[in-house]
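Let me begin by presenting the structure, written as structure tokens, before commenting on it.
All chains are identified by letter, namely A, B and C, in their written order; residue positions are counted from 1 within each chain.
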Amino acid sequence: MNEILQVENLRVEYPGGRLRQPAKIALHGLNLQVTQGEVFGFLGPNGAGKTTTMNVLLGFIPPTSGSAALFGIDVRQPIARQRIGYLPELTYYYKFLTAEELLRFYAKLFGLSRAETDLRIKKLMALVELEHAASRPIKSYSKGMRQRVGLAQALINNPDLLILDEPTSGLDPLGRMKVREIIQRLKDEGKTVFFSSHEMGEVETVCDHVAILHQGELKAAGVVADLVTQYRADNLEQVFLKIVGYQPQEVA
Amino acid sequence: MSRIWAVATVVIKELYRRKDFYVLFVLTALLTLGALSVNFFDDPKIIRYVKDICLLLIWLSTLIIAIVTTARQIPAEKEDRTIFPLLAKPVSRGQVIAGKFLGCWLASGLALLVFYIFFVAVTGLREPHLMWGAYLKSMFLHWMMLAMVVGLTLLGSVIFTAVSANVTICLIAIFGILVVGEHLAKIAVRQAEPVRTITYTLFYCLPHLELFDVRAQVVNNQPLPGWLDCGLASLYAAAYTGVLLYAAWLLFRRRSLST
Amino acid sequence: MKAVSPKLQFLFWLALAYTLGTVTYSRAVGRGTVTAADEGAFKKLLGDGRRLFAGQFVEMADVYFHSGMYPSIFDRANQPATKAVTAAVNEHDAHADEEHEHEEHEDEHAAAMTPVAENWLEAFIHRFRITKHSHLTGGNEREMLPWLKLAIELDPQSIETYTTAAYWLRKDLGRTAEAEAVLREGLRNNPTNYELLFEMGKLYKENKHDHERARNLWLAALKCWENQDDKAREDTALALSRIASNLGELEEEDGHYPQAIQHLELAKQVSPNPKAIQAWIERIRAKRGQQ
């Protein structure tokens, strides 16, 4: 198996602050592997440690201990991000640039040639259906259009691994469908997708494997169908609720 | 280098797409032309006071452009969350710092060039012989000084979260150095210990921005320092800028950035 | 203007207002439509702070006079605060016998102006400063005038500014009419000032060669000086010496020897160099004897 993303005993602590509060442990020795061609769903309630894991993978925060690697390269090395694409949950880009200029800028960071850049921009603008607005400043875009620019920038380098943080959050049903289609297309092309989401239905539809995180610990990981069987549930949502210990309360 | 240049080009685009530069240029032009229009004893040859006012405005404007543009770089990237897609690319934090510096310095240099073209045009209205060499040296030294200002402000933009705090502190520090920097040794002589030692230390450690201020020579048509001295001053500026950027990188490289 | 911060917008409008103000004011002055009341409003706006600005502008004129070379307050801490630009006016009146002294004073002045480096860093900084002491010449003295004019506008009671501006206008620039206008403005604002009357007399004698009017002006100056209280007379005794000796010189040139001797006797009483004046009186007496 070709492991594209590997996390071993990853521990992240946030300092306690000025009043000698104890350090907050965001991740307790997390272990995770994602292999090539998988669509991997990363699940967990708010505060479970999903975003912290992604922040470590992208080099935004250093791990307290343990290791994380992309394509076998330590995530602290910038080159580890050469073959990845990243779509943040909230998409904010340089408002004074046009979509085309933004993509050209990111292409330069990946070291793409001018010809290759032109080709990729043309293709991606068509994919996200923004050809008509490519030369307009991003500040004039609607929220949905910005999300689509975000998707285009995440794909500018034709990445082998796509990291998506809540990719459908804030999108209308049509937008969600579009994102799902793109994920499916990438899967068909043999790309690896690692994404976090709260949408269980969406995860169940597109993911091969999932990992469920709770209070900084990995509670379950595996193929969706196996987990449903293992937890004697009807669907992934029930598995998730069982893991996080949710007890339904009767409404008086 | 291409990654550094890519980051720098975005900074330059930001400068000419924001309106601050144009406002400051129009402000300088209006004030200078206003000064030029005043009639002093019907003598059309009087020009030095116009050169003086114009150069003072150029100094103020370029300092404001350099400080305001640089101060917002890192804090605005964090506030607008543009830092995350940027750092998710194969670009190191050192390259981001270097790119930001290069962009701010080049952008300030471009603004400086536009201001100096205006200055030469105004001077040419009343002075028959333009001192091209002096203007070139003056602009070069000014640009070298801006490298230190940009370096200092970039360090501030890594330290301070709020842009306004960074701008205020940098403005006070930079104007303080420009006004009293070169006199610190003479002030130190008149102090008792330990203030004396502290003042001497400041004198030797602070970047002497005022060194690069040769407006008096340009205004009064006096000879400027030779190119050798200008070269030494550039090395001085490069050394300080290097130290400031290194400090900025040290602080920024390990900084946690949570989405 | 949406992307522009409010502070910058404010500065922009302020600059526009200033430009329009200076252009229209300049034209109004040219047409003579600006009244004293209009000027008063501007001065009221600045309040007493205008004297500070006026002092700064005289300083600027002095900097220009030295072609940009100027020691800082730290360099000047142990040196007299005399400004060469204004001192030149008084030195010009020094008698020919004192020329050697004047040259010595000039050398001292140059030495005092040159900043001294006390360490290698200061020495390096001085390489980027104007260190050659020189004064404006060849008509370039005109460059000081804007600052003096502004100083006059801001502080109409500063007599030294009027006399300095008038001196440079009439002496090296040959702008007698403008110099006279400056002095008249000074006299309008300070009608009993003996220094302005004295300087006006100099203008009439040296530039217009009108001895009659020069005499009248200096006699008026003498009267104004005498009308001061005792303390003021004591403090300004040197001014009396200058007025009286100039009157003596004028009368000598016109062949009015008794009057010349009378004025020089008065000058001798307060002059720091009475021997030189006495020698002068003796020369006139000798001339009178020959007649």
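As a working rule, a residue touches a chain if its C-beta (ideal position, glycine included) is under 8 Å from a C-beta of that chain, and two chains touch if they have at least 3 such contacts.
The structure displayed is predicted, hence computed values, not measured ones.
> Show me the overlap between the contact partners of chain B and those of chain C.
For chain B paired with chain C, there are no chains in contact with each.
> So which chain ends up closest to the centre of the protein, judged by Cα positions averaged per chain?
It is chain B that sits nearest the middle.
> Considering only mean CA positions as chain centres, point out the chain farthest from chain A.
C
> Which chains are joined by the largest number of contacting C-beta pairs?
B-C
> Taking the mean of the CA coordinates per chain, how far is chain A from chain B in Å?
Computed from C-alpha means, the inter-chain centre distance equals 41 Å.
> Just give me the whole-number Å value for how far the CA centre of chain A lies from that of chain C.
78
> Name the residues of chain B that each touch 2 or more other chains.
Residues 18.
> Would you please write down the residue numbers of chain A that are in contact with two or more other chains?
Residues of chain A never touch two or more of the other chains.
> Using the touch definition from the top, list the residues of chain B that touch chain A in their complex.
Touching chain A from chain B are residues 2-3, 5-7, 9-10, 13-14, 17-18, 80-82, 84-92, 95, 254, 256-259.
> Considering the complex alone, what residue numbers of chain A touch chain B?
Residues 14, 51-52, 54-55, 58-62, 78-82, 84, 86, 88-90, 92-97, 101, 105-106, 108-111, 150, 153, 163, 165 of chain A touch chain B in their complex.
> Chain C touches which residues of chain B in the complex?
Against chain C, the touching part of chain B is residues 18-20, 23-24, 26-27, 30-31, 33-35, 37-43, 45-49, 52, 141, 182-183, 185-187, 189, 203-204, 208, 210-214, 216-217, 219-222, 225, 229, 232-233.
> Write out the stretch or stretches of chain C touching chain B in their complex.
For this pair, the touching residues of chain C are 1, 3-5, 8-9, 11-12, 15-16, 18-19, 21-23, 26, 29-30, 60, 63-64, 67-70, 72, 74-75, 77, 118-119, 121-122, 124-125, 127-130, 132, 139, 142-143, 145-147, 149, 169, 173, 175, 178.
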